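Chain nomenclature is as follows: A, B, C and D, assigned in order of appearance, with residue numbering initiated at 1 for each chain independently.
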Amino acid sequence: MAGNSFGTKYKVTTFGESHGEGIGGVIDGCPSGIALDFNQIQVELDRRKPGQSAIVTQRKEPDEVKFLSGIFEGKTTGTSIGFFIPNTNQKSHDYSDIKNTFRPSHADYVYDKKYGFRDYRGGGRSSARETAARVVAGAIAKQVMPTISIQAYVSSVGNIKVEKPYTELDLTLTESNAVRCPDLAKAAEMEMYIKQVKKAGDSVGGIITCVIKNVPVGLGEPVFDKLHAELGKAMLSINAVKGFEYGSGFAGTEMLGSQHNDLFNADGTTKTNFSGGIQGGISNGMDIYFNVAFKPVATLIQNQEVLTNEGEIITLHGKGRHDPCVVPRAVPIVEAMAAIALLNFM
Amino acid sequence: MAGNSFGTKYKVTTFGESHGEGIGGVIDGCPSGIALDFNQIQVELDRRKPGQSAIVTQRKEPDEVKFLSGIFEGKTTGTSIGFFIPNTNQKSHDYSDIKNTFRPSHADYVYDKKYGFRDYRGGGRSSARETAARVVAGAIAKQVMPTISIQAYVSSVGNIKVEKPYTELDLTLTESNAVRCPDLAKAAEMEMYIKQVKKAGDSVGGIITCVIKNVPVGLGEPVFDKLHAELGKAMLSINAVKGFEYGSGFAGTEMLGSQHNDLFNADGTTKTNFSGGIQGGISNGMDIYFNVAFKPVATLIQNQEVLTNEGEIITLHGKGRHDPCVVPRAVPIVEAMAAIALLNFM
Amino acid sequence: MAGNSFGTKYKVTTFGESHGEGIGGVIDGCPSGIALDFNQIQVELDRRKPGQSAIVTQRKEPDEVKFLSGIFEGKTTGTSIGFFIPNTNQKSHDYSDIKNTFRPSHADYVYDKKYGFRDYRGGGRSSARETAARVVAGAIAKQVMPTISIQAYVSSVGNIKVEKPYTELDLTLTESNAVRCPDLAKAAEMEMYIKQVKKAGDSVGGIITCVIKNVPVGLGEPVFDKLHAELGKAMLSINAVKGFEYGSGFAGTEMLGSQHNDLFNADGTTKTNFSGGIQGGISNGMDIYFNVAFKPVATLIQNQEVLTNEGEIITLHGKGRHDPCVVPRAVPIVEAMAAIALLNFM
Amino acid sequence: MAGNSFGTKYKVTTFGESHGEGIGGVIDGCPSGIALDFNQIQVELDRRKPGQSAIVTQRKEPDEVKFLSGIFEGKTTGTSIGFFIPNTNQKSHDYSDIKNTFRPSHADYVYDKKYGFRDYRGGGRSSARETAARVVAGAIAKQVMPTISIQAYVSSVGNIKVEKPYTELDLTLTESNAVRCPDLAKAAEMEMYIKQVKKAGDSVGGIITCVIKNVPVGLGEPVFDKLHAELGKAMLSINAVKGFEYGSGFAGTEMLGSQHNDLFNADGTTKTNFSGGIQGGISNGMDIYFNVAFKPVATLIQNQEVLTNEGEIITLHGKGRHDPCVVPRAVPIVEAMAAIALLNFM
């Protein structure tokens, strides 16, 4: 269970640390003959990259991907696709502060206990920078299934929540604002709040809703590899995620069966969709939709108690740049993991 | 991705339908030399079985497990453990009603589309009866890790919710009532409500909270196979589950980082535990706790519209017995899947 | 790496010991809608079973398989197929001899060291009886791919060798004699030799050749999961196998490239077939053929030195029945594993 | 079954084509804290690289590996190790000849049929250049298990065969000659023969023997994942391999059980070792030894018939450089795959 691969049919293996040479991966199982749109892959990386707006971390990384194999004359060959995104922003930083300390709610402590030592620079392998590789693999997965639409958006930041269901929103507005929220009034509110949080050197969490349309009937396996179980695992593997619900989700626990059952239309579609497009673990052709909960990221620009490796509690002031709200940048990551999970069933 | 196995190191493969010969499984990877407590395995099965109280389905099944291999002189041999639970309650029922109809929010429709036909008797492989095999595998997993405590309980039914966190509850009271809720006042309320729902031939959902204590530091893999991602997949693979959250969960999205970060004590434990015992996907030695959301089961004893395989909508009255609230019986299943997922990392 | 499963798409998991309740397995990934010919499955089991002729072990086992799930109205449902073959010949034997001794070239010693103790009755899990489960899974695999022909035969026993290549033999004669050798003159010689070996309480090895016809072009994956690598692993996983070669095999090492290269015909077939139907790990549509080497089985009815668990060397006389030449009975096992391996690529 | 990964615990995934950017891989599951000897890794690569002697292909490639992740301050961190070996010898060659033709006994034809098109430059993914990545992963695996010795050597070329068993050879002489044969008289004979074959633009096959010493008792899983089955698969996945045998191998089929059984010494070692260090699929602590058969490589510098993609047979003269005997360069690859397979059981 080494844990750096996801998927069986379309298997993605990633490597890389935030402050090493770079981030990369291998995609094994991509069908042959797909003419890749490289611009679109870069567009997805740009949606994830730091420094893209005033409300995300200001670290500058171009995040340009170089493909190393598996592509010939612009098309996938069916063999493994290696790729690499060099780190360009590795400052010769002074890490003496964090080298011997464990920051609260970071992976420092557990890495040290599990592996005996760690690459302490910027979080090493536990850095969210690893997700850049997922975005590449997801962008290709989307291109393999061009008829399926996967759209995620920010549905809450702190306690500012979009009240409308996705069916009443215009999802083409998602990219129109820095928060990636298609409810523009809420987006403005969220943006203001994030700026305020940023100013305080603090961070805040939020929720991403993802909607998948045009899924064929029959994807998913009935018992352990239910479609939503794989989607859930995919989402829970993203840094900072604390929860996953699909269809009626946690709110559905309060409903009666007579309210919750999705009655059929004569064509096999359903009148309601509390099931979230999945019944018995298998897609039924209706929209799949789910929510992903992100905690506030643990890096703060404030005084905070840390534990030293000699068992002392000391106070340090966080320095450098931080992400006051990781949720807008996580939107393309959620879409990427949804695409990867889905393609494994096709 | 055939989907009837869970795990790699401690791999559980299940088979069986609700109205066939029975339910069974194979456990591959169980350590050798474990002296099994067979009574305790039966106790866990009895916690799951139908007919155990007035608030669950009244179908009678003894659910006695027969071990077929992998055990010699009462101890595991390290080879694969085959087991079987015969179905004893297969009445020669009249299935003509459901043979040609798709019940709402059941797996009937998607099975038919995916496989071309289906075992229509009582849900076939999609029946929750499959979970009996999980309970066997989980009961053995618990015995392999006797120092780890895994305790689940019902924390809500409909909108009746236990308000106290698990740390303020006496979990030894869980089995004292039919609902498996350690808050006895709430338990009484829930029981009354479920009886009322049952009388109406309806069903209701709920939430199970699970607490795992004494987990060693270092379980879990950093990227895709994070400990909580595997726990999440394990839970989402249980019938009727719609959501999973751990630690602060969805509520954590409303917090600031400065509130959410778990400050260290000098011994490496933390003052708070919003992280839910897992940081960066790896256990930190604190309690692991999570919530699992169950929808109301779809089988009702009411009039309901169904779709025929000829594309007609007709009204049928549900018959037989039904589970007005599956949540109390799901408590041992949640514990079993938690044990199986955890053992895969040990 | 618990090791009791083979395959990914068509995954076979087996369990059971020679002297426990029985032998069984689970097939996960069998396509739905296959109308099974149960007689044919029994025919394959009968080809493997003990007591079928004068030259194999005289232990009597009917080897009747009972299917427990995954089949409805005679057809596979696409869900997992559980099956069980009860042991009927478990005499209350006196095992005091072998309980505390390790027989030479058996698995006794390594099992004891690896697992701390063992089911000492008749070899436990290491018994070739386990292969009965493979035969069931292989018989079903054959029925899933009815257009592909898989035929194995005995091509040598001791130093009695069929000299002709398979292309010059009439493979319909294979089942006409107890040795399963289509060269009838050689078959008679082999049979006489095996009887002589049996009389001496000794055993002898041999080689099985397997021929697969009508394989579509394109099966196999180019790097690690080459078609012949999976076939090789499948064969090497059978008890008593010491070697595998395909196409020109070990003899091909003596050839020049200009002799060995298979020149094309205009239709893509080749004039020769030293490649054995596989190029670069991928089937090319020509016949696949390979050889599997079996050692003489270690159980003898002679005086033999054994090691006690107290570190003494003592002499015991083997008792009971033994298989003077396991090769004829291994023919259906080779075919079964070939079918299972192949189906995983289709 | 995408096929570009080997192993579960120590999982190696490779990518790259002979004439693309380069060759690389990801190692997932390497233990943390291993201080790597980078020189030794380069030594292994140099043993495999082209141009190292007069009897191998004269293509020049430095084969320098760059590590991209998973190593910090010279030690493995326990996270995934990405690495890359750039291609430096990609001449802007004229491929018009081979673009539209299928060479005999190459993978051209099957790749084209399987994937619809192919990277026709120098064999693409089917090139033996891929094995450079295996050598890197194997060199690291060796360093993870420093007490285990893995030594391979050339035991035959064409029909020139080392007659002595490995126990009578001085394996420290293996690297003393270009053929990598520790029997110096035979080595000289082989070298002369290979030069003669080379001059004729032809190629010849051979056999590599591999010996593993100091293996702990108990490695391997009893049923499908027998130690020798994994070793066999590992070897059969190497380009040009046609066969695998361990211990007594094919010759053992001619022996009687009374000759073949390895009698015990009082300390659990055995007097003979026909078993090849493995009993019932599990290592018994004796030396593991096996043979790997390599066919003559298909690329010739001679006139040869090829098939065009328009279904014509034409004659082409092979051009460029070729490997008259791949076996000496395959010695480090056999060792690498043996190390990788073994580490997966530790």
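The working rule: contacts are C-beta pairs under 8 Å (C-beta built on N, C-alpha and C of every residue); 3 or more make two chains touch, one makes a residue touch a chain.
As the structure is a computational prediction, the values presented were derived from the model and not from experiment.
Visitor: Which chain has its C-alpha centroid farthest away from the centroid of chain C?
Guide: Of all chains, A has its centre farthest from that of chain C.
Visitor: Which integer distance in Å separates the CA centroid of chain A from that of chain D?
Guide: 39
Visitor: Could you please state the distance in Å, as a whole number, between where the Cα atoms of chain A are centred and where those of chain C are centred?
Guide: Each chain's C-alpha centroid was found; their separation is 47 Å.
Visitor: Where in chain A do residues touch two or more of the other chains?
Guide: 2-5, 8-9, 14, 79-80, 114, 125, 222-223
Visitor: Could you draw the chains as nodes, link the ones that touch, and say if you get a line, ring, star, complete or other?
Guide: Complete.
Visitor: Tell me, which parts of chain A touch chain D in their complex?
Guide: Touching chain D: residues 2-5, 9-11, 13-17, 20-26, 28-29, 32-33, 66-70, 72, 75, 77-82, 84, 114-119, 124-125 of chain A.
Visitor: Hey, which residues of chain D end up touching chain C in the complex?
Guide: The touching residues are 1-6, 8-9, 14, 102, 104-107, 109-111, 113-114, 125-126, 130, 156, 158-159, 197, 202-207, 217-218, 220-226, 228-230, 232-233, 236-237, 239, 242-250, 252-258, 260-268, 270, 274-276, 279-284, 291, 293-300, 302, 304-307, 311-313, 344-345.
Visitor: For a test of understanding, state which residues of chain A touch chain C in their complex under the given definition.
Guide: Against chain C, chain A makes touches at 8, 79-80, 222-223.
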